[in-house]
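Same chain, two partners: subunit A is paired with subunit B first, then with subunit C.
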Partner chain A sequence: MASLLPHLLAVLVALLPGTIGAARAEPLVVIVNPASGVEKLSREEAVNIFMGRYRKLPSGILAFPIDIGSQSPERQQFYRLLVRKDLPEIDAYWARLVFSGQTSPPLQAPDGATAVQLVASNRSAIAYVDRALVDARVKVVIDFGRAAKP
Partner chain B sequence: MRALFPGSIVARTTVAIIALALLVGLVFGSAAAVLIQRGEKERLGARLGELLSTVETTARIACFVQDTALAREIGTGLMNNHVVAGVRIVSDKAPLYEQRRSEAPKAADETIAISRKLTSPFNERETVGEIWLYASAAEIQAQAWTYTRFILLVLALEVALVAAAVAWVVFNLITRPIKGISDELHRMETRTGLRLHVPQGNQQDEIGRLVGDVNALIAELTGLIDTERRLRIEREQSERRLALIFEKVDAGIFEVDATGRLRSWNPAFARTLGTPAQPPDLHALLPQQEEPLNELIRQSLDSGELREADLQLKDAAGGPDKWIEISLTPVDQDMLQGVINDITGRKRTEMAAQHLATRDTLTGLLNRRGFDQALSAARARRLRDPGLEIALLLIDLDFFKQVNDRHGHEAGDTVLRRVAAVLEQAVRRTDHVGRFGGDEFAIVLIGVDEPARAGQIAEAIIAALREPIPIGEDLQAQIGASIGITFAGGDSDSSAAMLRRADEAMYAAKQAGRSQARLAPAPEPG
Partner chain C sequence: MKVRWHREVALAIGLACLPAAAGAAELGERRVTLGGFGTLGAIYHDAEDREYRRSTAQGEGAKASEVDFETDSLIGLQINASWNQQFETVLQAVSRSDEYGSWRPRLTRGFLRWYPDPSLMLRAGRIGHELLPRADSRDIGYSYLPIRPSVEVFGVLPRDEIDGADISYTHEIGEGIGRIKMFGGETGGTVVFADGSHGSLSGSKLWGGSIEYLYESWTVRLSTGVFLRGQEPPVDPLIAALRQAGTPESQELADEFAEKDRRTSFLVFGAAYDEAPWQLRLFLVQAEGDHSPTPKLRNGTLLAGYNLGRATPYASFSAIDSYAEIRGTGLPDTPQFAALNAAARQAQTASQPQQHSFAVGLRYDIAPKVDLKVQIDQVRLRGSNLLLDRHSPPDDYDDMTVFGLALDFIF
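Coming up: the complex of A and B.
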């Protein structure tokens, strides 16, 4: 039964309207550097960090969020899961904040592997990647496949 | 207002309408201003709400990330709207933006403030801040005034148009017809046949009726004037006739006031009494008749009726007396109309007849009838005045028959005339002497002081008649007289009784030897 759930989720995600490709079978996870001092992250905390509200991680160190590409399926899926918004909305949101110059959007990594690499080498970094890319260098603080509900 | 335009109904009406319209406009304008101000406040509130909706999404983001720069951007953008007097953006942690225009709201109720809670862009349930918008009271006022001014302008325009329209209507429907009638009436002279014309279109209304009534009035008036003119002509003719009568009539006609002053008189008056002097006074024309004239005037005025009298006028030149008959009729309280007639001729005829009836033709003394009247009158006076003594003397001539027989009737008549003269000389003018016929004479003495006086007169007469009386060349007649005397008694006495007593006394005197007087015994009293 435990192995059935991810499959069911994938089917559900595939059925959702939007551009989520059927190829995206792996659920997303949010990862941090093991030295960041963060063990677990709530969804609200993730929203605050990725949407620029908080500049720090719950442990007190500076937060450094990372996006994967600008139109990548991961990014699309992540924001849909996190705040139920499509990418144009997210981009419009950032456009206003960038204009003011005070708050910056997350840094963009070209792909998931690079993101894992960045998190592994920077204790402030925080990113979302395919679960399949997770290794020992990083720590999963939110597992959308398990904890997050659509 | 009547003082402002005394001559123009149109001007007055127009001013009245404008004043009324202005009043109404002012009331409606004031009401409109209040309503507009209220409406403007609501409109402004709605506008602020819309503005808020426009920036809400960005404001939520600004509050979410507490981006003061973004908040300032929103705020300054809002402040660019001149209706916005102030903006305040507060996140749940700290104020992000606050700005007010220099003019601070004077009172809380003068300002509209709307606020809205701002939720998280990612969670509708989470409040992340609040935004306030303030509206400018001055701006509301200014806006309201703009609208009010516009409405007042429209109202004023309407008032002006309505006033002009009413003035035009009043002028055309009322004033012009009335002015036409008025001008026509003003030029009109009171000649027969003239009529006012009913203005076109007013035949059936009040103006038409007015003209009809005025025409009727004019017709009546001209009729009255004609009648009056005819009557005046008739009156003038009648006056000319009367004046002719007044001028030509034989009777003297005059007007005189209560003091005797003459007002007018006709030629006959002047012919009768002479032309009046200046000032014309009736008294001057009636010498020695002042008392009777004044009495006549008084009686006529008192009674209010015609009074007449015969007045004897002495002729100043010594000619015969003149008699006039004057009659007065009061015209009013102070004025009388009079008519005089010269009645001298009639009077003379009357007096001649009277003379004939009461005088003895031979001697000119009273005859029996005249003497009886005189005696009765004397007795009547005594009845009114008992102190007045009246004596009756009855005289009989002695030897007269012999004179007559011897010398003829001519001589007898001469003797009788002589006796008459003697008797008249023996008494006063107020006494009466009469001849009873034949040789019998009688005298009434009025106001005899004492009884002896009658005796003295009798003796004087006897003495005078004892003298011879010439009756021709070298001829003389010798006669004498016997006299009986009596005095009038009381109420029961009578002329007949007196004559009888005197006769008896006279007879006694004859018996006693002639040429003497005898007093009759006093009558029985009662």
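Coming up: the complex of A and C.
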């Protein structure tokens, strides 16, 4: 019975709303174009860009954020990590901004590979992808896997 | 008819100007997206002779002992057309029960947005204004917790859009984001008073500005604005009768009612806190008209929600109170003058609601982009014009309980 307890706790923790996204194997990273002039990005700057508050990269150019899908595991994990919100809360947030006509949501790429391609070919683009998809065409400015470690 | 013709032309021109390469997914290329939002809502209450509504723009409300599907229900469609990374066109139409109980669709947004710089945004056309915080999204039920935004705060203004322009400038201040915004234009709509009579606001002007600071989970906002009414209130026979009465008080009252330049000034404070699992909102408003019978109001709302995954229980308190002095005619309340005294009083109280409500509810996200809400409102009112009461509104406070159920969706 005692040996079952850790497993039961693990299942319960995994079922908590805040930990659904964190169960993904690959850590997410935020990537930009190497020509963007950005070396690193703070969490608060990423919040401003992806939540439509202030779409400007630290180098001064316009930021063009990219989401992966609408209900993808990557999108779910990213917003849990960034603002600790689930997708219904994120969708509600964007519904207010979009239908009030204030601003537009991030462009939706169908998958991570497309997001990498878009970032590689656009100086303003910024996206989150699995670290395994990163190659020399893009630059990592936030590594959530590394940030999560003490 | 003329206004309708202009709207249709504006819509046609807007559609004709949409970028041709619909659906292109590359950054910076032309892109067209079609989206929409809607609410299917049901209301029930048993307060006889009273119709519950969510805003003074509605000419019909939820009647007693009937399940009403019209007050909270609506549907909207929106087309966003991006020309490039700097220009975007937005068109939106909404169908809902209006001042005549009609569901005729209305063009609610139709503007060009321009980002000349990451810090600067300009919009021109039919735009939503945020004189009251988040008033421009009050029809988007999926975007907030309650079934309807506070009736006591948002129900006073019949429209949330202007035909005009706004400009906003955003900049980093300390560790947060500061934003300053100015807007101005023509607004309209119709106020339906408690007795069912209509007051047109067409040709009215609205201008103002706001400063906002966003820091981590906090947003704090202060805004001010001026509403200049375009038409005189429909009290001409009353003005003539007051002039005929001949007392100094009745003359002064007639002069006040006859004043064409009617301004209402607004001062609004808003604060929002969004840190999972909490959602908190506080909005406080003061509105002061310079000539009777324009309103002198203080209203506000406090909302708290606690997210439990798919379910979010919430509670709110909202209130509106008038501090306008109800002036007499100087005439004795004899049978000869009773009708005139009553009409003068009615004209002054028609824009002076006194009402507060306490609401508890639950939002449940049943599927992606679909939620279900259940809510109970305990409303206390006295002579309020936020609800329809085709009989004489009571002088003493009265209570009513309103049950609501709503399904919100976006696509």
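Here, the second predicted complex is superposed on the first by the 124 of 150 C-alpha atoms of A that agree within 3 Å, B and C clash if a C-alpha of one lies under 4 Å from a C-alpha of the other, contacts with A are read in each partner's own complex, and residues count from 1 in each chain.
Here, a contact is a pair of C-beta atoms (placed from the backbone, for glycine too) under 8 Å apart; a residue touches a chain by one contact, two chains touch by 3 or more.
Predicted, not measured: the structure shown is a model, and the values here were computed from it.
J.: Once the two structures are overlaid on subunit A, check if subunit B and subunit C clash or fit side by side.
T.: In the superposition, subunit B runs into subunit C.
J.: So, A:120: does it touch subunit B (first), subunit C (second), both, or neither?
T.: neither
J.: If you stack the two complexes on chain A, which partner ends up touching A:101: first (subunit B), second (subunit C), both, or neither?
T.: Both partners, subunit B and subunit C.
J.: Please work out whether A:140 is in contact with subunit B alone, subunit C alone, both, or neither, and reply first, second, both or neither.
T.: neither
J.: Output check: A:87 vs subunit B and subunit C. Expected answer is one of first, second, both, neither. What do you get?
T.: A:87 contacts subunit C only, not subunit B.
J.: By residue count, which of the two partners contacts subunit A more extensively, subunit B or subunit C?
T.: With both complexes superposed on chain A, more residues of subunit A are touched by C.
J.: Contact-wise, after the overlay, does A:52 reach subunit B, subunit C, both or neither (first, second, both, neither)?
T.: first
J.: Superposition on A: which subunit C stretch among 80-88, 98-106, 260-268 or 332-340 collides with subunit B?
T.: Among 80-88, 98-106, 260-268 or 332-340, the clash with subunit B belongs to 260-268.
J.: Take the contacts of subunit A with subunit B and those with subunit C, and give the residues found in both.
T.: 44, 53, 83, 85, 93, 96-97, 99-103
J.: If you look only at subunit A, which of its residues touch subunit C in the complex?
T.: Residues of subunit A touching subunit C: 16-18, 44, 48, 53-56, 60-64, 70-71, 83-89, 91-93, 95-104, 107, 109, 118, 121-122, 124-125.
J.: Considering the complex alone, what residue numbers of subunit C touch subunit A?
T.: So the residues of subunit C in touch with subunit A come to 25-28, 31, 35, 37, 76, 78, 80, 82, 85, 88, 90, 92, 109, 111, 113, 115, 118-119, 121, 123, 127-128, 130, 134, 136-137, 139-140, 142-144, 170, 172, 175, 177, 214, 216, 275-276, 307-310, 365, 368-369, 371, 410.
J.: Sort out for me which residues of subunit B touch subunit A in the complex.
T.: 58, 61-62, 64-70, 73, 121-123
J.: Quick one: which bits of subunit A touch subunit B in the complex? Just the residue numbers, please.
T.: 44, 47, 51-53, 83, 85, 93, 96-97, 99-103
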